[in-house]
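Encoded as structure tokens, here's the structure I'll be asking about.
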């Protein structure tokens, strides 16, 4: 079964040799749209979840071209922080604001962000390209074309298949392609490498690097080490505030 | 794992308040109800309805409280949606079963009263129908609270539903009145019989005050229980969090 | 605007492709209409008299029973998080989703109603008035039902809870809808008032529904 998929998904021009592989990664990077500069500021963030305090007094700064890798044990609040930054959780106290040079009101956070959560937000009844085309129109603004984004995650050959036929890793890649079709300066990634194989992970790191080079920034919560040059590690611990501060 | 401030601190003061106030309201309720019953026993029988008129002294206060409780819940819902006050949801949640109970009481006593008066247990009278719908809405709210596990999420959902109900109740009432006049000519028995005599009004008012005091006492006690229930839940969560 | 057009297209596509979509509702409607005479008896005079009521009950149940997955499906696959975070007003998103849902499930009911009316031996003017009231009234049912779907978004088994919560609010729609439909036969002048009231209730539901749904969706996110 796996073999069939591999044979099917491989494009004829990339034979799998090392040079071709690097070449495809480089071309993938070109699909990452440039973004307006944005600066994220978090001050004294306090978040409760289900009646339990998860984040207490967290400060964070993220400028253009910067990346933060969030680490820490299960249940420490990595996902909670990312969801709170995207505006899905209402903080008890504290401030989250985004300053952009664009026409957005300062402080309106979510429209400046991409969120890649645990779930891939795919409709299995729609085809791969229909899924992506919807997000491109719905998220709006400039961004990569659907085909270019699919090419960047190596899914172009499957674009007419229903998303239901994809494997977990392929679904993840399709979700990652969503980051490319709309240009948004801040990427909030929750376990982005989940379900990805080594080659896809390398490709994702390439996309992240291209995003940073294009003036974007990102926060990735992960329990696996991601080899991203220039990324700032932040370890959340029970003594959260000081941990985050020390890393800043 | 720090405890969330809002979860405990404010309700703590409220609990102290409850234990100070509750004996007084409960005592007052008992006294006023006893006085009311004594007045009722001295009040005359109705010249048309006979002894069945005594049902009125339970029916009318229950009906009044069924609406009063909903109004209270609407105010609480506003409090939990707009100000996110932790006690507001506790107040609304504790009030729902009490409101449902009084609405049920109003329906049952109305039915018992209707049997000798109208010759049937139930008529689709506009007022009866509206109260029945109110009862169903209470039950729906209780069902919603019971199905959503997380109290903060349940609070929000219930508050939205209560407020939607507040907007819709007058429309439902209007439409039911309209429907009733359409289907049943005005000659059908109405509950507003002859204007009420003073010898009945005084006991009725005393009973209404007694019922309201009883309702407030029950509500305070129910709020206390709800706060304690939530503390138990929080402690359980903390235990789970600590055992990581 | 193109964002909402894209959402509308996607919702329609999903409704058509997943689980039989529109046909399910119509089929359910047909079953309800078919079952009624077995309970009431095959007396055509009686059936033609209560025909509008039967059609309205069928449409009411068909609309409400199909609503519980309206937001839950999006929540399950994570799309709801992104829709909320996209920066569009959530109330508008709700309106678009409701309109798409109505187009996919409510409109087929309205179209099917005149044919089902023939089973009930309804006179032509009653068929016409019932279709008109269903056309005006079923959007209200969708908007009201959307509140229930929003409230139960975090529940895996919210299916039965939605009708329990929402049916009381649907009573005015039912009253005015059936009154206007039946009025035509007995007293043609009596059509106007309940029909206008039905339209008013429908418009009000189109305002209250999205606001309340958006509020409950925001609360059900985490």
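A, B and C label the chains in the order they appear, each numbered from 1.
Note that in this section a residue touches a chain if its C-beta (ideal position, glycine included) is under 8 Å from a C-beta of that chain, and two chains touch if they have at least 3 such contacts.
Here the structure is a predicted model, which is why all the values come from computation and not from measurement.
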Quiz item: Of the chains present, which has its C-alpha mean closest to the combined C-alpha mean?
Solution: C
Quiz item: Which one of the chains is farthest from chain B, going by Cα centres?
Solution: A
Self-check item: Intercentroid distance (Cα basis), chain B paired with chain A, Å
Solution: 50
Quiz item: Distance-wise, how many Å sit between the C-alpha centres of chain B and chain C, to the nearest whole number?
Solution: 31
Exercise. List the centre-to-centre spacing of chain A and chain C in whole Å, with centres computed as mean CA coordinates.
Key: 38
Quiz item: Multi-chain contacts in chain C: which residues touch at least two other chains?
Solution: 222
Practice problem: Can you tell me which residues of chain B touch two or more of the remaining chains? | Solution: 150
Self-check item: Sites on chain B touched by chain C in the complex
Solution: 81, 133, 136-137, 139-140, 143-144, 147-148, 150, 153, 156-157, 160-161, 163-165, 167-168, 171-172, 174-176, 178-179, 182
Exercise. Would you mind writing out the residues of chain C in touch with chain A in their complex?
Key: 2-3, 5-7, 9-10, 13-14, 17-18, 76-79, 81-88, 221-222
Quiz item: Within the complex, which stretch of chain A touches chain B?
Solution: 48, 50-53, 56, 73-75, 92, 238
Practice problem: Using the touch rule from the top, collect the residues of chain A that touch chain C in their complex. | Solution: 49, 83, 86-89, 108, 110-111, 113, 115, 117-123, 125-126, 130, 133-135, 137-140
Self-check item: chain A contact footprint on chain B (complex, rising order)
Solution: 1-4, 6-7, 150-152, 230, 233-234, 237-238, 241, 244
